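Each remark here refers to the structure printed beneath this line.
Chain lettering (A, B, C and D) follows the sequence in which the chains are written, and residue indices restart at 1 in each chain.
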């Protein structure tokens, strides 16, 4: 397939608008000819003028308005222009959207999707480069999905829109211009390819040989993990399994646990800052479920606990790189402590 | 000592107002005769009428206004009436307050303290009972402190106010009416008592006999962990070490690691919901630093990943209880998997 | 014409038979007694958690409810019992919820300030309900249901920025939303002038919401103003506001009232209830009150349960 | 009287010698050329990240800066280069920051929209700077410094609720805060009428901020209005607003302009720069321009570094 990720997402939105009259897109600058800051809604306001709404700059209210629409039978898809701005709506997310179904004792559902780009490596600086999924995964009632080029983004986004519960759909900014990478006949490039058949599957890329480390990752880091796998194979004769999650919460670690039982070693690679990251949750679960399989401590690769600088060389020093993954894998493969 | 925790906090605020002219208290309903929803500022607006400000209901702006005051040489202490409402200010916290020092390359400091009560067990229902420290510990640039009756709250709060960087100071609601519990001559009740001499020390309570589990906890769970320790000793002849953190971020796990190396088993007890909790970070670190000391997987005791119901019996079923800690400790002591 | 419409119509005609006044009184009295009872239960240690009673403000809820149809939606806040009762009459479900029973509206999960029933929603975060209500109003419009959404907020809640974001969006996108500000002069312990600069009415108008105002506390006056406001939203399909100067006669929540006895006395003089009571035939009035007491007693018995 | 005060005074007297106009022109021209240069550097792939230029809006920054003292504080937003240059004249530090150099204002950590210098702060989150500026103004008042704080926001940023929360607090607590709204009619790709209901001016006044307005784009008119607004805040010690109808002549950020050529042409007719230029003695004007070009070239050379 030679579909760019941006096009896949655009097509999914178009399909949702076509299939379901209740679908609505809301967000800042969505309308044509602009079509959103990253152009993901391009063409849609022209085709569906009443259902693609460019809004004022009011993130907090947009979350609430979308939730109100969802509570009364609409199926809104809210775009938050930069993932950094979800912070403005977290009260609506935490104390309203995520709570309604359970707090109101199942009298309501909130079929709301929040799409938002996250991630750095574009030099956008401290307030436009963060990966903040860590803020979302611990909120009971939310589904958190992270797309990657290895997932069928069209299908993934459509599934999120079809869900009757609130879903955050995170799109790494670098994804947009990349091509979809999908396996064929169980292979993708030099790797064996496997994808579960769940709604939000975990994609596995692994060497045909026996692997000594399981790397779990998602979103924009999938690209780096794959590069690490190639480097490790070529330069270090170290084979790894790369597991690319699509749903971070509630997370299904079954494929990862099976992998860790095979490899005996775990590395989590995330773009967000280390402390309190999604990786911590994964490590806590895996060490609990597969304690005796682990030859050594699980390792986390993540951004430094720091502000993401604007200057590219400084940004590179803060964000996790391919080398950080290869280093962690080599240490994990060796089973050394620290 | 027979000081109630509420009085200790009140005295600390009074001392700060007296000692430092730059100190200011801001928040909703702080002024006398009300003195704050939990009465922690009682008497202070009468003594310091210009520096204790009852504000409009505007949490987001309060964070920003406080930060502005702090950036220009004041030393504001902001009270957020319920910890659940910090969600309204998280943009100010994440994209402003926590970023300034580093983003502006050390040209500024933000000496701001945010005090806020968290926690349930009072039947206040879904939006007034949460422990949301998990949202804060992963934000680079923030210091997160959780008081407990085992810490010298007066000293702890004063230290936070004296800090030149932003500090969240979390007060479990049940703390207020409890008495300070401080060791004497190295003992507190049946326990050996130890407190580091750092600014934000970890308090240790442990049996004189050899202990088989390390329980790390903070805030409102300290009370339950102590009860668990007593029950385990009496009913199960199982001795544990209880470590009560005061600073959750950046966290110093030195005493905990030493303890785990002694006991070989770790249980984290937190009142917040399990997934993505502070406990996950602690487990991820401890398994990394003390992998070979652990006899079995680290275990987490936490609230179920659910909304906190208003009805007390339902609330009890969601929040972690003493029995959850004892069960986890027994499993950990046995070193069984799962 | 259903019951509510008939009563509303009678109210605006200045009903000669007193039927309208009686129904109005029945609504207010029942809420009043429920709220008083809740405070007693708390005082007796027979309720836990917290509650916010609308003592003194009941007429607002009843007046607005008289003008709504079943399809209309109501969104309310921490001080929501009156809005709920006026809207649904479901005394037992409400009491059961507050008492934490399985048969409560939300099986005890929500409690006093997190209620949900068909076309009725509340939440305990000040201001957060306003964008919700805006979205709901847009949904009704898109579905062509003809329903309007009424959201109740307090004057203190005008401190929350999301309220203005929502006004703006409601006006821009023509949401059939009625914003009722119950201006009781206080937010918890803070008098409104210490929390509000500028002009309350202008704050709505500056964002494109035409805004009515009721200064007096005559129940019928409130009823007429509510009718005008509801009618305006229904006819124009656009948002509007209504500010009602009202009085909170009880504590903010359970026992936290630091206002002086004199101040409370002045407020009690504005209470719509005794005045409405005085306008009724004494016998009919006693009959209404007795019926309400019976209902309340029955609901209390029916919801006796773990506290 | 320092340089700025002198120039400001000359401006309000209608200076005969043209000294004022020349200084004004120098300020505008330098900003204009920096912004044009940045877009060229981006187009040439010699800058990364993003940037928001204030082409067409330079006069606002210069006019306000003329009335401020060194002790005064300026808080700005994503479109901040003009505010910074007008305030500090530090072309090299700014350019170095945008180019990601160690010698930049923030050593390259902040980049184009996260600047900091003594008494100057910007951030890239719309609206979030307004409560900050309010707190800063309160701090200055408490310290008795006599300084005022000016915060610049765009018209689109009036969508953010925290802005109104801040207006309210600023008015209640009497913060010496000047809110300058640069109303360029657009927010990114959204025309203001599609994002703003009601009245911009009323939105400030409803929260207790008296609000001036400049409709024309004559640089001297902006200068006078800025002087009045700054003077009002300084004298009353209370917040006030100033709305300047202005025009963004460039793209929102790098190349994202979807406005029609006709529309841009109309906007260019409102550009204050050529009109101010025409009022100057041609020779003097060319000398100013040449000087600015020299400064810019020098700064470019000095900041040549990794991109």
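The rule is simple: contacts are C-beta pairs under 8 Å (C-beta built on N, C-alpha and C of every residue); 3 or more make two chains touch, one makes a residue touch a chain.
From a predicted model like this one, the values you see are computed outputs, not experimental measurements.
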Farthest-lying chain, centroid of Cα atoms versus that of chain D: C
Geometric centre distance via CA averages, chain D-chain A, whole Å: 38
Centre distance in Å when chain B and chain D are each reduced to the mean of their C-alpha atoms: 43
Between chain C and chain D, centroid-to-centroid distance (C-alpha), Å: 46
Overlap residues in chain D, where contacts from two or more other chains coincide: 107, 109-110, 114, 123, 125, 159-162, 165, 168, 172, 194-196
Interface hub residues of chain B, defined as touching at least two other chains: 55-56, 58, 60-61, 84-85, 88, 91, 95, 102-103, 126-127, 307, 309
Touch-based graph of the chains, sorted into line, ring, star, complete or other: complete
Residues of chain C defined as touching chain D within the complex: 159-165, 167-168, 171-172, 194-199, 202-203, 205-209
Residue ranges of chain D touching chain A (in the complex, touch as defined): 48-50, 100-101, 104, 107-114, 123-127, 156-157, 159-161, 187-190, 194-196, 256, 258, 306-307
Contact set on chain A toward chain D in their complex: 28-29, 31, 33-34, 37, 54-58, 60-61, 84-85, 88, 122-128, 307, 309-314
Sites on chain A touched by chain B in the complex: 60, 84-85, 87-88, 90-91, 93-95, 99, 102-103, 126-127, 132, 134-135, 137-141, 249-250, 272-273, 275-281, 283-284, 287-289, 291-292, 294, 296-300, 304-307, 309, 337-338
Chain B-touching residues of chain D, taken from the complex the two chains share: 73, 105-107, 109-110, 114, 116-117, 121, 123, 125, 128, 130-140, 142-143, 161-162, 165-166, 168-169, 172-173
